[in-house]
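In what follows, a single structure is set out as structure tokens and then discussed.
Chain IDs A, B, C and D follow the sequence of writing; residue 1 opens each chain.
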Amino acid sequence: MTPSISPPRTGKVFEDALSALEGIQDGARIMVSGFGLCGNPEALISAVLDSGVRNLTVIANNTGNLGKGLALWLRAGIVSRAICTYLGNNHDIHELMAKGALEVEIVPQGTFVERMRCAGAGIPAFFTPTGVGTVVAEGKEVMEFDGKPALLERALSADFAFIRAHTADPFGNVRFWRTARNFAPIMATAAKITIAEADNLVPIGAMDPDDVHLPGIFVQRVLEVRDHENPFEYKMTRPREC
Amino acid sequence: MPFSQEEMAQKAALEIPPNSIVNLGIGLPTLVANYLLPDHGVWLHSENGILGMGPYPYEGEEDPQLINAGKQTVTIVPGGSTFDSALSFTMIRGGHVDLVLLGAMQVSMTGDLANWAIPGGRVMGIGGAMDLASGAKRTIAMMNHVSRDGSPKLLAECDFPLTAKGVVSRVITDLAILDPVGDGFRLVELAPGVTLDALRAATGAPILEG
Amino acid sequence: MPFSQEEMAQKAALEIPPNSIVNLGIGLPTLVANYLLPDHGVWLHSENGILGMGPYPYEGEEDPQLINAGKQTVTIVPGGSTFDSALSFTMIRGGHVDLVLLGAMQVSMTGDLANWAIPGGRVMGIGGAMDLASGAKRTIAMMNHVSRDGSPKLLAECDFPLTAKGVVSRVITDLAILDPVGDGFRLVELAPGVTLDALRAATGAPILEG
Amino acid sequence: MTPSISPPRTGKVFEDALSALEGIQDGARIMVSGFGLCGNPEALISAVLDSGVRNLTVIANNTGNLGKGLALWLRAGIVSRAICTYLGNNHDIHELMAKGALEVEIVPQGTFVERMRCAGAGIPAFFTPTGVGTVVAEGKEVMEFDGKPALLERALSADFAFIRAHTADPFGNVRFWRTARNFAPIMATAAKITIAEADNLVPIGAMDPDDVHLPGIFVQRVLEVRDHENPFEYKMTRPREC
């Protein structure tokens, strides 16, 4: 076996965020990485506003915070449905909900990420003990395993996943930085088209095989964006000891 | 005199076994980090993807991409690790976290926890609360004993939307430390100067002694 | 003259679209790696945890901890990655692998595949075969057209234990290339010198032309 | 928040393989990492023979190969049940099966690892399309999702997981080497006690947080073993180009 492999040919690298959105349409289901504003793909979020698409379903942990991140989409009125886990400090989403302008599905965070992981892994449904005996259980099948009840939860997939990467190569291999990793590698598996917005584009082979956080099979498009705002939500510090 | 918030946090810190892995919820439980015993080997888990969460950073060393589940800037201790949310909730839901300390709105005598929504109030969302409450090896609730209008929050049955059923093993309030035992709350410790009668009057379920 | 094994591998290599991710089963499909087109951008997946599997190592550079699913020493190409088995089968079962080329014992005209057990024979096990056959975007089977005793292996219905139902979209044999289409096998290409009558005699299901 | 954290106290490091097995008993369910012989925890496998335990249930992809690895347990007659995916080249297991001396459950490899992953993740059961219409489906519940049938599969847990690591620190953080990773990080989540047999024990803090493959929460015991046989199963090479 002596394969004549020439890995560099990939065609995945896009020059700017708007062109990376090629094929996006009204009504698209879009996963966006980030825990609050930490790990947001900022350029892709902005480019969606420029693209003019609307009636979006957004799948994201918080759907924006403090008027930033995905709150920009909420303010522009281009989101009709949100699947998320926590809305605290996202005043824009509360306003839209109060007006009845937005349908919101709230999911426990572990179930949220597991539903996406299952979509990516070809698992159509799974049972979880989380939410048994709560409003989350309403309308869901319950089954007992070893005497403990669990809820049947379905896989959650999307048309696009926008993820923030620290480093990416042209094949789409990705490394993340600290807690900016959060939902990104899971969302990448669950969407038809995953776009990685990376702080740094590095050459093929720059990452050791053991150090790739997200293999390029899950990333269809790569975009280098060197400058990000990376806003703080709560900047906390401690005094220096003398 | 009821326990202060700092005293409640100190009491909670005593519940943490050596070398254990602990998740501290947002709010009151966050204070517990200030009272962890030195050389105790306690590792803090944050559900957004840290095991071995450290203190707030020194000024000028804040990293917006290194936060805790309350979205505050934090650090990582030597030996700490970062990971994605699926693995983080594998830790939580899989029972690998030894202890979860959560704020509570209501706790029932059967250990039901309500801490994510007030009927008729703004929906803040669930976040990791349901997974944390039902997934940990042990769940302890921290809360004020009564609400601002004086109504009891330790009840025979919760009337707020539940976070999880039958998960709370201990409640630390400003008036007492109590264990939900099914037919009431068993008293573990009374705050200094609080009488048993006053505790009973402030509690919506039987108080059991001894 | 039927196709040689090398010719079968060459034919299989032509089925691989540029820039695709391919898993080559053990046996005949392994040969296909020799015929991948240069500058074609094909990435080989090995279910034991490699994306971007490269050729065998140079002598003296073998690493016993770097093997393929056939347990042979291999290498990793630049841009390749290693990962655990759960993520590897996320790739497979989740439909992220573009093409799987598998050896087959029997294939039915409805696309059923049997390649893991012979009735009454030693149980060799399933390995990744069931996940690979049913999970890939496209599954192609490679096999000799008839068994050693001359009995057909392309059948109306498999009588060996199934690996997966209705998954094979194309079969490459020493006599022909055929597509299971439900009511028979549609002929795509006949090996040079093989007559249609000979093919029909060697096949346990209708052959459809055009 | 200024936690006085003192991470080095862990008590997880054991001096030798036999003492690392503390508490193991007859009838134990043991997961052992490795794809064939690649990634086997060799010292722990040997120590089990010395410990005298028997009647074991082994959960491992191949349960040994070519007379090596877990085949040593099979030859010693201490295994009564094996859960695995592939038996090719493992003549010892064929011999025991022929004699009726061993109960063997064969599981598709993707289902095998997913069952363990679910045990570790608190998911009692999941649905998979793998095995529908085959002998694997016998006796299992089938449910349709979006018109496609899937089998209900149960979580698979164990008393012990023995895993081979490249590097470990005293808290149990682990890095793996190349394809020796395979089932190890998943098995580690699914067992009550996971023992990491590492080529190198490094100090706490030697691994960057982003580079830990398996966080120490999943590893209860750590053992440094510098020398391993690491047998080849099929040593293949290609000629050097001139």
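Keep in mind that, in the parts below, a residue touches a chain if its C-beta (ideal position, glycine included) is under 8 Å from a C-beta of that chain, and two chains touch if they have at least 3 such contacts.
Quick caveat: nothing in here was measured; it's all calculated off a predicted structure.
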item	value
Selected pair, greater C-beta contact count between A-C and A-B	A-B
Greatest separation from subunit A - chain, by CA centre	C
Centre distance in Å when subunit A and subunit D are each reduced to the mean of their C-alpha atoms	31
Centre-of-Cα separation between subunit B and subunit A, whole angstrom	28
Distance between the centres, which are taken as Cα means, of subunit D and subunit B, whole angstrom	35
Residues of subunit D touching at least two other chains	1-2, 114, 117, 121-123, 128-129, 176-178, 181, 209-210, 236, 238
Sites on subunit C at which at least two other chains make contact	50, 55-56, 72, 74, 76, 82-83, 86, 89, 92-93, 135
Chains that touch, pairwise	A-B, A-C, A-D, B-D, C-D
Touching residues (chain side subunit A, partner subunit B) in the complex	35-39, 65, 84-88, 94, 97, 104, 106-111, 113-114, 117, 128-136, 176-186, 230-240
Subunit C to subunit D touching residues, read off their complex	46-50, 55-59, 61-67, 69-74, 76, 82-86, 89, 92-93, 112, 122-131, 134-135, 161-165
In the complex, subunit C residues that touch subunit A	18-19, 21, 30-31, 33-34, 36-45, 50-56, 72, 74, 76-83, 86-87, 89-97, 135
Subunit A-touching residues of subunit D, taken from the complex the two chains share	1-2, 114, 118, 121-129, 143, 145-146, 148, 150, 154-155, 175-178, 181, 209-211, 213, 236, 238
Residue ranges of subunit A touching subunit C (in the complex, touch as defined)	1-11, 117, 119-123, 169-171, 173, 189, 204-205, 207, 209-210, 212, 215-218
